[in-house]
Each structure stands twice: as C-alpha cells, then as structure tokens.
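Below, subunit A partners subunit B and then partners subunit C, in two separate complexes.
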Partner chain A sequence: MKLTSILLASSALTLAAGAASAIDLTFVSWGGAYQNSQLKAYAEPYMAEHPDVHIAWDESSAEAVAKLRAMNEAGNVTWDLVDVTVSDSIRLCDEGLAREIDFDTELAAAPDGTSATDDFGATLINDCFVPQIVYSTTFGYRTDLVGDTPPTSVCDIFDLQKYPGKRSLQKRPIDNMEWALYCDGVAEEDIYNVLGTDEGVDRALKKLDTIKDQVVWWTAGAETPQLLADGEVVFGSTFNGRLFSAIVEQNQPIAMLWDMQSYDIDGWIVPTGLDAEKEAVVMDFLKFATDTQRLADQAKYISYGPARASSAPLVGKLDGTDIDMAPHMPTDPANATNVHRYDYTWWADHRDDLDAKFQAWLAQ
Partner chain B sequence: MSDITQDGPMLAADGTPLKKSLARALRRQKIRALMLIAPLLIFVLVTFIAPIADMLFRSVENQIVRDTLPRTVVALKDWNPDGEEIPGEAVFQALNLDFQIAAEEKNHTKLGSRLNYESPGISSVFRSTGRGADKIGKDAEKTFTGIDPRWKDPAIWAGIFASPEAETALPRSARAYEAFAKSVRAEGKKEVAKAKLWPVVFSALLDDLTLAQPDAAAVAALPAPGPELVNAALAAGLQPIDAKQAFLEINDGWSKLDLWQTISAYSPPYTAGYFLNAADFEQTSHGIEARPPSERIYLKLFWRTLWMSMTITACCILLGYPVAWLLANLRASTANVLMILVLLPFWTSLLVRTSAWKVLLQQQGVINDLLVWMGLVSDGNRLVMINNQFGTIIAMTHILLPFMILPLYSVMKTVPPSYVRAAKSLGATPWTAFWRVYFPQSIPGIGAGSILCFILAIGYYITPELVGGTEGVFISRYIAYHISTSLNWGLAAALGTILLAAVLLLYYVYDKIVGIDNVKLG
Partner chain C sequence: MATLAPTLRKPSLTGFVLPLTALAGALLGYLVGNAKGNALLGIVGGAVFAGVLAFVLVSFVPQRRMGRLIGAVATGIAGALIAGVAGLVFGAILGLVLSWIAYWLASGDYRASVPVYATPREVLWANTFRFICGVIFFFLIAPILVVIPLSFNAENFFTFTPKMLALDPEGYSLKHYRDFFTNTDWTGAFYNSLRIAPVATLLSVSFGTLAAIGLSQSHVPFRRAIMAILISPMIVPLIISAAGMYFFYARMGLQGTYWGVVLAHAALGIPFVIITVTATLVGFDRSLTRAAANMGAGPVTTFFRVQMPLILPGVISGALFAFITSFDEVVVVLFVGSAQQKTLPWQMFIGLREQISPTILAVATVLVAFSVVLLVTLELLRRRSERLRGMSPS
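== the complex of A and B ==
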C-alpha cells in the first residue's frame, strides 16, 4: 500500500515536472504548401534541437489582424507568433498589437557578419515586422492560346485585339489600378501621385473599363491557376508560387509573365503581452528561423524568394527533385527587370476610399 | 352553489381565494420551468446575445476621439468648422499634449485609422506625427536640464507630483505625469520613480510655466526641491512652445481644413456616421449629404441581397415542392432512397458543392461543352452562366434546397390522402382537388421552408463570393470585408444591424400576412 502510494506520488511528480518544462507554442500561418514549407524549414529543425518545445499551427493568417484585435480586447492572446503580410503588420504595429523588435540584437547577423538590418535591407518596413519571403502578384498565360507571339508586357493584358479572351484579375483595387495607370502611360514612379487624385482614379478605372466585360474577378489565390488550367482565361494574375506549382509540378501549358510583377513581403510578428518565459522561447525561435540558412531552406519547398540578401546564393533545388529554384524566384534578376513596388503605406491610407469607388465601378 | 359565488370570491381548501392560490401554484411552476431552462438561457445570453449586442453597439460608439484627444476636443468647441481658418494656437497647445501622450500610449494610430474611414489620408498624418511629436518634448527637456540637471531625475518628479499641491501649481504637467505613471505601473517592469520620463512631461511643464503665471502659493507648497526648481526655471525666462508651427513642420497635413472638420464632426461620444455611411450618406460640415454616385454601393447591395434571396427562396419552393410531394406519397422503400438523395448534399462540404457548380457552369465547363457538342450553341458563343447573378441563384438554390424539402415533407406526411380522394369522388378535377384541398394544407410547410431558406440566404457569404462574380455578391461580403480586412468594425456593425432589422421587419410582415402559427417545422 505504502509502496504503491509512493510510486504514484513519484510518477505524478515526474509528470508534473515534465509538463512544467514543456512549452506549447501556437504559430499562425496561411495553411497549404506555404505553411508546410515553414514547418519543414523552420519548425521541425527547431523542435529537433529543442525537444521541450511543441509547436501547434493555426491557419488563421487571413484574419490575423481582426482576431488579434479581438483577443487583445478580451485580454487573452493565445497566439505566440503570427505570419502576416506587410500591410497587416503596419496596422498591428500601429495599434500596439505587435511587439517592437530590435533587429540587430534580436536577430541573427549574416554569416559574413553583415548586420541583420543591412542584410534584410529594403524588406524591413516597420519596427515589428521580421520579413521572411518576397513574393509577387504577377500574370500567367496559356501558351496555347496566345498564338505565335507570347505576351512580353503587362500592357498586353489590356490589348483585346492581339490577345482576345477572358482575363482573371483579383477583386480588389490594389495592383489593378497601378497596372491600369502604367499601361495608360504613367511612369512607374509617378503612379501613386496620379492615383492620389480623383482624376487619376477615374483614369485608372477608365483604362480598366476597356477590358471590364472580359474580366473574371477572383478572390482566392487558387482560382487563377484553375481558370488557366481549364482554359477559361488567357491571362490571369495570382501569387507567383501558385503559378509555379501549376507550371512545374502539374505541367500545365502555362507560362509566366513577370513584367511589372508587384512585390509583396510576408513575415513574422510577435504579439504583445506574451509572458516572459514564452517570449524568450519565441524570440529564440525567431532568431533561428530567420537566419540566412533557414530562409534559404524554405525556398526548397516553395518558390518564394528569401528576404535576406545573404540567403539568395544558398537557394538550391526543389525538395526531392532536380528543379533549380532560383529561376522561379520573383527576385531572380531575369524576372525582376521591370518590377512594381507596391506602396503599403499609401494603400493603408487610401484602401477604404478606393475600395468603395472600385466596388461601385464594378457594380455599374 | 349560486349562494357561495354571490357571497365573495371562491375559496380554496385552506381559505385563501382560489384565484390567488392558483396564481401562486402557477408561479411556482413557472419558476421551476425557468430553472430548468436556466442553464441554456444563461449560456445563450452569455455566448450569443451579449457578444452580438456588444458588436452592434459599436455601430454608434465613438468614444475614441474624446478618449484620445480630450483637451483638443474641448478646445475645438470655440472653433468655427464652417469658417476658412484652421484652429488657432490654443487648440494646437491642447493637441500637443494630447498627441504626445497618445503617441506614448500608442493610441494615436488607432484614432488615425478611425478618422481615416471618414477622410482618407488622416491615418498617415497621425502616423508620421507620432514619429516626430516627441521632439517637441525632447526640446523642452533640454531647456529644463540646461537650467538644472536635477530635472532629469525621475525620483524628483515622483516626489513633486506625489503631493496634492502639484495639481494646482502645475495642472498640465500633473496630468501628463499621471498618464506616464499609470503606463509604467501597467507595464509593471519598473518602479515609477526609476523609469525614464516621457518627453511630454517636460513639454507640459513648459506650458504650465509659460502660458499662465503659476499659482505662487501652490508652488511654494510643493515638496522640496520643487519650489526651488520651479522658481529657478521661471527666473530663466522661458519661451513658450509654438505648437502650431511645430505641428505644421512635422506634417503639413495639420494645415488642412478638412482634417480639422473631421475631428470636430466626430468628437461627440456617439455618432450616426457609421449608419449614414451604411446607407450611402456622409456627414459633412454642411450637414448630411448623399455620397457622390461613384461611391454609392451599400443600398444597391442591400436591395440586391433582398431580391436575390427572395428569388432563391421562390426557386426552392418550385423545385422542392414536387420532390417533397413524391417523398410523402411514394412507397416507404423508394421514398427512403429519394430521401438519401435529398440529404446527400447536406453531408457534402459546402465548398465542394460550390466548386462543383463552377466546373459545371463555366464557359469551358460540362454544360457548355454539352451544348456545343449538341450544336445548340456555337463554340464562339458559349453561355456565361457563372460569375454573375445566375450563378449565385443556381448554386444557392441547390445548397438551400434541403431546407425547403424537409419541412415541406414533414407537413405533407401529415396530410391524409383520403381528403384528395374525397374531393375527386365528389367530382373535382385533379387540379381543383390539388389546389383547393391539398395545397392549402401544405402551406405551413411552405411557410417554414421559406423562412429558413430566406434567412439563410440573406446572410450567405462564401457561395456568392465564389460564384457571384461582381453582380452576384451579397451585403455579407462587405460585412466580412469590414470585419477582417478594413477593420472598420463600426461600419460592419452598422451594416449588420440594418440587415438584422430588415430580417426582423420581414418576419413581422410575414407574421401579419401568413401568420407565424401557420408555420410547421415537423
């Protein structure tokens, strides 16, 4: 009797001790192939080194800002690290929902000693956002539907004579308004000055009017690859990684049109108000997961460019295949001859206003 | 018998009036019944009604302006928003303190995004000012530490502002210091007397000493070395802060009349602004005006949501009625197989069903291919059946059909077949027998099915979004957009409230016309 109670007590103690030292973290991402690449490149190696850390995933990045805001109001933040786009990070940082990070002391330097700030360079947008990948919204086209002259310029989207047929565009003003103005003769660097005026908005919508009845509007990233695969559209805009899998992994008759691809960045933010112990682990993970090698590793699983300059030379082949990843990266010099840098802060200010105009235009 | 009733009220066995004792017994029964449903009632109240009420309340709430800029809002009362001039120095002085405190507390950008909903561009003015505003305080800090380095010591500040006289002697600084102390305590990492001071306390102190002569008696009553420090600073000939110029230098957005009109128009704690916005109106300095035609979207969407939901409900009745009749009148074994076919879509993922419609309806899809193959449609003129209202109506009708068939079926099951036989044997044609005898008895099922279908349809989001293109989306898309993308929760709440009110109104009208007692769910 005594023996069993001692045994029971000691096993309970070991259980309690085990529970106390294990740390459960919840990371938030986008699901799908992208989240899988993060799991393979960051989380699994980290958990192998730190067996006491357990990472669970929540696929809620699309509603991250709204949910974090609600959690914060309720005083119960249950997320530890959140993958968001730049524009979301701006709002989270603004509202004090994301922790400010000292990049040079809290992140790893490049192997050659370059500071994190210099290594990340222009991808650092605000004090809370640790960039991970550079992706782009760009066009793919059906190689069998464009005749002998494949399109070379984004303005071919607006050329119904040369390339008749439907096009798919994202159902939002961002990118579409800029492409329209660019193809209406506005220089890339002047786009936002023009778009800031009522005449500029009218001008962009007028340009879009020329193809309006030939446009299929999409809202989910998977739609354009599907529409292209079905031959529903000749051109379609979507995230470059989606087109990569349609072209390389599924061998569809689709090709990339990189001209005026619109760069965007995705990265991590740490919510404010974590308890000290958890925060220390999260920051340790963040330092590990955003170092030069790890960012390059992620590109083995998905065709998004690493945010660090020092990672680019380390990008290898698609995991388990012979396919070089570098030529499929939006940041590859051959693809990046003419790019559009979308202005996050400008859109943060004007999104509501332009969205109302854009939606009213759509409904006309 | 009649004698007793004439004498007075009927009495129960124990002598109390029967009416009273009956009421007591009934009350006890009611309380017991209430106790039985209490867990569910409380659960629903706490997890459903209260959060919804809280969310809907946001459609009128507007505390954020006066919470973030309390002094500015008061100072703005003297300003004429219809004039041509931006506010004067007094407002900017108030703004200087409010804004620096808000920036330290990280509240300024929240207000910036709130006001940006009303007037685009304000958000970036607030954000950039937040980065530069503490320079005003830092300059003031240099002035004071130049006079006496002890000003830098947080412990001295803690000593001075612990005394009640500080509020009288240095009111602005006391307010700024209180905000600082509160924030340090909330963070809980450092003691107030050791934490680094916010620059804004120096700028508040400078205001206290330059804008008006401080109360000498109150200054003298400050704990040491307060009086000595304050008098030395006063003797040093301080220059007041030119707040207006300083703010215009940080961001010239503050010189725009429109920005000030927006702050002034949205300073009351409650606003009708979100509701106006949801009805395509806007609040301007000249009163309430309709938005320019190029920005009117919501009324159109409400109207579309209503008529399309009604069309979908009507399609469900047309398609569901014969199926329900078959189910109710076939042999049990055949009816069961049919029932499984009705229920099968119920067990399939909504997204799968919606995507299946895409495959069927698109221009290179199954139906178009079939039509082209049969020669009914030429290859160049394939029908457009998706990404428009037609697509939404088809897909939604399919998805909501079981909600019509099941109530219809359960009502039809209870209609005795002998009635129709009786009508026929009395000489009615099949049509008359159906229309005059059978149909009226199935109306409660139609009522229940219609309410279910309509209310589900009106709030549907994902299906119209995927197959509706631009013409076939509902208002729910905008509620979702404002909740998760634009974060304009006030507008989302206003749109949601209007939708809820519309449903309740229709329910009321329905009750008046059909009668809710005529609805049977089974």
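== the complex of A and C ==
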C-alpha cells in the first residue's frame, strides 16, 4: 500500500511538473525538404532560445482545410500553427477557422524600420495569412531523353511528336487548365476570362485530351522527382524546390523548364480558439519566424523565395556548400522571363465547379 | 499392357527433354533479352543455349551434382561475358535452374508426384498445378523481397541504379538504415510505437481473454449478439471505426492523447484475442475447473492455476496478433492520435506521400524481419498447443 501511494504521488508530481514547465506545440506543414527548412531556420533556433517549448510536426497541410473543419466540429483543435497555401487560407479565414492578425503590431518590422505590411507588400492576401515563401509549380525534364533540342516552352509538354514519352502532371485542374489554354493560343492575360466560360473549360480539356494517355497523374510533390529519376517520364511538373533538390543535391540528369512557371505563396495561419497561454507562445514564435533574417535563412535550405522584400538581399548559399541560391529562386529575373500569374482568388470561387468537371474528365 | 510400357521407359532425349528445356531456356532468355533491350535475340539465344546444355549434360554427364555444377559454371561464364560480375551471378543461377530442369525431365523425376498409372495428361496437369502454385507464391513474396535490396540503395530514390545491377559495392550503402536509427522523426515514431503497442496488447489480452471465457459459458444470455459486437472492429471497415472513434474520443477529451490511441488499438486487438482464446477453449475440459473447485480453489485461483496455463498458447497467439495490429495500424492512429503520438506506420505513410525516401524501405525491411520472428514464434506455439492436445503437428 505504502509503495503504491509513493509511486502514485511521485508520478502525479512528475506529471504536474511536466505540465508546468513544458509547452507542447503542434505545427502543421508539408513534410519533406520544405518542412526540414522550417525546422532548421525557425524551429531549432527558437527552441534553443526557449528550452521549455517542444514542437511536434504534423505533415497534414495537404488536408488542412478538411481536418481543421473536422476538429472544429468535434470541438477539439489540436493544432497550434498551420502552414497552408494562399487559396486554403482564404477559405479558412472566410469560415472563421483562422485567427485574424494585426500585421504591423504582431509581426516584426524590417531592420530599416519599414512596417511589416509594406515589407510583405503584395504577398499579403487576407487578414489571417502570414506569408513565408514564394514558390512555383513548374516543369523539369530528363536531359538524356530529349535529344539535342531541349524544350524551351511549356507548350513542348503538348508536343508528342517532338518529345514522345510520358509526362507527369498534378491531379488537379489548377495550372494544367491554364497551361492547356495558353498552348492552345490564349494570351496569358486572357486565360482566366476564357476559363470562366463553359466553352473555355471544354477547350482546355480538349487540349489536355491530346496528351491524356501519356500523362502520369501525381498527388504528392515527391512523385515527379522519383519518376524523373527513374526515367519513367520525360517531363514532369512539381514544386521548384523538389526539382532543385533532385538536380543540385541528388545530381540527377534533370533540368528546369521555367517557362510559364506558376507562382504561389505559402504561409502560416493560426487556428482560432487556442487557449491564451498557448496563443501567446505561438504569436511569439510567429513574430520570430517571419522576421527578415529568419525568412532569408530558410533560403539556405530550399530554393523558395522569401516573402519579405527586405529578405531578398540576405539570401546566401545552400547550407554547407558553395552553391549560390539566388539563381535557383523562382523569382530570379533569368527564370522569370515568362511567368504565369496564378489567380488564387479566381480559383477560390471556381475550384469546386472545375474540380468536379476535371474529375469527370479524368474518369472518361 | 502396351499403354503401361511407355510410361516406364526413359523419356526420349530429342523428342521430350530437349524441346522442353529449350522452352524453359527461351522463357528465361526472354527475361534477360528484355532487360538488355532485345527480346527476340533473348528467346532464340536462350532456347539454343538451353537445348545444347541439356543435350551435353544428359548425354555425357551422368552424375547430377557434377552436371549442375558444370551448367552453373558454363552459364555463369556466358553471363560474365555479357554483363560482368552481375552477369556471372545471375548466369550461374540461371545455369543451375536450367540444368536442374534438364535432369528433372531426363530422369523421369517429373512423374515422382503422381502414381505410375497416371496418363500423360494427368502428369501434365499435376506439374502445371505445381507450377501455378509456385507462380502464386512468387507473386505474393516477390514485392516483399524486392524491397530488401532496394533498401541498401546508395541513391535517394526507389530505383535500381546501374551500379546496383552491376553488383558494384559503391551502388550500395547502409545510409538509409543510419537515417532510420539516427533521425529523430524515425526514432521518435519508433519510440511511440513501442510505447503504444505493448500497453494496447496488454489491454486487449486482458479484456479479450475475460470476454472469451465469459462467452464460452453456456448460461450467458445473448452470447452470439455480444460476440458479434465484440468482433465487429475486425469486420467494420477501418475508416468507419476510425471516424467514429475520432468524434467520440474528441468529446471525451481522449482525442490526441496517448491513452486515446492505446484504447483505440486495444479495441482493434480484442477480436483477435477473443477468436484465438475461444478456439483453445473448445478443447478445454470443464471438469478440470469443477475438480479444482471441489478441492477448495476459488474461481480466481482456478483460473490462474488451472485454466490459464492450458489456454496460454491461444492467449499468446492472440496477443501477438493484437501487437501486430497496433504496430502496423495507420488509419485509426491518423484520426485518434495527434502529432505527439506519431507511430511508425504513420511516419512511413508521411514518408511515402511527402518525400519518397528509401528510409521507408529500410524500415520496411526491419519490420519484415520483425514480423518473421513474431510469426515463427506463433507457429512454434501452435505446434506446442497441438502437441499438448494430443494432435500430431502437421
């Protein structure tokens, strides 16, 4: 009896002590090299300064909207900070699942005193979303499978005569429909006007029909690098950082095709309904992780452009190597000669409708 | 009488052994030719090579062991001429297979599994049947075996690199195993799995055994209905149980906690324990418990001293199933757990989806080895239980 009560008392004490000193946070991100860059650039330095904070990572950003909705419904939100794309942040902010943020008071100003609002500039999309990086969805190709004439235009994807073989495309309408219309002769600035009509949708799908039986559809960012490394596909679209990793870090015979790369922004949202103590820690972390130096540090680990204007001059070399990161950034002038301006607000309105049409077309 | 005579005669060399060995050679040659980019040449070359090999071996080398050695060496040298070291190894294996086939056909061993009076058609069917069984076995086991060499890949992709195919030591590395044992994502997940599975197993075994004993008493009302409910986690699609548990546990404050995951896994493991323990209870003699009671033992003493030792094999095999269920489970933990309870299968699922890293293959290889050990234990226990019940182990 005595032994039991001592054991019980001591374990209760340890539990109480543990609860008082440590703060367990759950951050949600995308996994892989990207999450690793966040770990290295933000989380590890922050935990070094705050030893009582422990961060666990949940690789669920792909289902962030659905899971946050379910958590909210069940009344038990277990996430503290969530990495999402712009379009997801618009939905979460509209539904009240993400906390509104006062950028100028709750985030750090630039070193020269420029306010956070001005420093982030056009990357600020709504009141909940704190931008981190600008990335692009673009193509890589196998240098040994394209003969002596490497592709220069995104429309080479649709040219089965010149570049026979499989191509991998993301299993969603976004980007694919725009590329199809562009290669069907629509000017870049007219794409969303045309895609807004039923005829435009049919036209895009008809163009995609010409290569449909040669397409491998991917859902995870790691699939295209794997398919390219295997030589299963000649071209493949994916996030530019994944291609950078395959080309520069893994030395695969792959090259970038930057033409008509599609820009997108990725950033943090804070779920609503955190308890006050946790929220204070999360906001403190957010201020730390999105300051000028931290955003520039992230570019040491992955080739995504920092969202703050003041971070750009601080971008250095790939961690532990002599490789300059700037020429691998999607925003580098040499890579950005012909870009596609992905319209997330347009997609926020049309996503459900076009998803249904796209899935129906896939099943045909 | 005339029909019996040919079946006992030695099979004809030119009319039977040579064509069939050549056929096998053509098949293997097709595989090799395909890999080298010329299937037709592979078929013809394989057939000619196998025919010549069979003729030489069967006519001039009567000792089988010697003949097989010669076949392996000859084919190995031929392979080495085509593809270096790797060719030598694969060639030697192919040579062994081909010379085995040649002797198997020539000596009449192919009839060994059928009675002497079987017609040629029956012999053909018996061997086709064995061949089909072999192919099924191969297709079941091959995907697991392929993973093992790939896990020693020196590249960060799921690809057999040219260096690996050439058996160049530089193409292989242990770095993915190193990653598994040093990366905190993996060690943390492994630690969580080891923390969750034994406790879940303990709960499943305690509740499952009690339920099985209770349900085996004839006076318990609604036995079948209760049994069906307890077994239901095995039958209901996992995703439905998982979604239900998610909303139920969230309201109870158990979602995202260690005990939530343990309880969910215990619920999944209970059916296995009930089934295996119920099966052993069928062979349990009730008069033993009455005898124990007659001698003054209470129900608890009777259980631990008399009943438990006899049904122990069933309890242990149920426990192993419950353990593997918890250790392999990914759907329920994704719903009921939070990132703090990330288990090994969860980490593998993430790894496959977000970053196709061969570390997953290294983990898979470790888990395959682990499962083999567990299943061998299970089989040994089953044999012991059959011995105890007086049945001969099969």
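Details
The rule we apply is simple: the second predicted complex is superposed on the first by the 343 of 364 C-alpha atoms of A that agree within 3 Å, B and C clash if a C-alpha of one lies under 4 Å from a C-alpha of the other, contacts with A are read in each partner's own complex, and residues count from 1 in each chain.
Definition applied: contacts are C-beta pairs under 8 Å (C-beta built on N, C-alpha and C of every residue); 3 or more make two chains touch, one makes a residue touch a chain.
Predicted model only: the values in this text are computed from it and were never measured.
Under the clash rule set out above, the superposition-derived model of subunit A with subunit B and subunit C contains a clash between the two partners. When the two complexes are overlaid on their common chain A, residue A:33 makes contact with subunit C while staying clear of subunit B. By the document's definition of touching, of the two partners only subunit C reaches A:58; subunit B does not.
When the shared chain is aligned, subunit B comes close enough to touch A:94, but subunit C does not. Of the two partner chains, subunit C is the only one that A:24 touches; subunit B does not reach it. Once the two complexes are overlaid on the shared chain, A:230 sits against subunit B and subunit C alike. In the superposition on chain A, A:76 makes contact with subunit C only, while subunit B stays out of contact range.
Once chain A of one complex is fitted onto chain A of the other, the partner contacts of A:47 are absent, as it touches neither subunit B nor subunit C. Subunit A residues in contact with subunit B (one complex) as well as with subunit C (other complex) are 62, 219-220, 230.
By the touch criterion given at the top, residues 106-107, 109-110, 112-113, 116-117, 120-124, 127, 293-297, 300-301, 362-365, 387, 465-466, 469-471, 481, 483-484, 486-488 of subunit B touch subunit A in their complex.
Listed in rising order, the residues of subunit C touching subunit A in the complex are 155-159, 185, 246-247, 250-251, 253, 255-256, 338-340, 342, 350-356. The part of subunit A that touches subunit B in the complex is made up of residues 62-63, 65-66, 69, 91, 94-96, 166, 171, 216-217, 219-220, 230-232, 345, 348-353, 355-357, 359-363. Chain contact summary for the complex, subunit A toward subunit C: residues 24, 26, 28, 30-33, 35, 56-59, 62, 70-71, 73-76, 78, 219-223, 225-226, 229-230, 250, 252.
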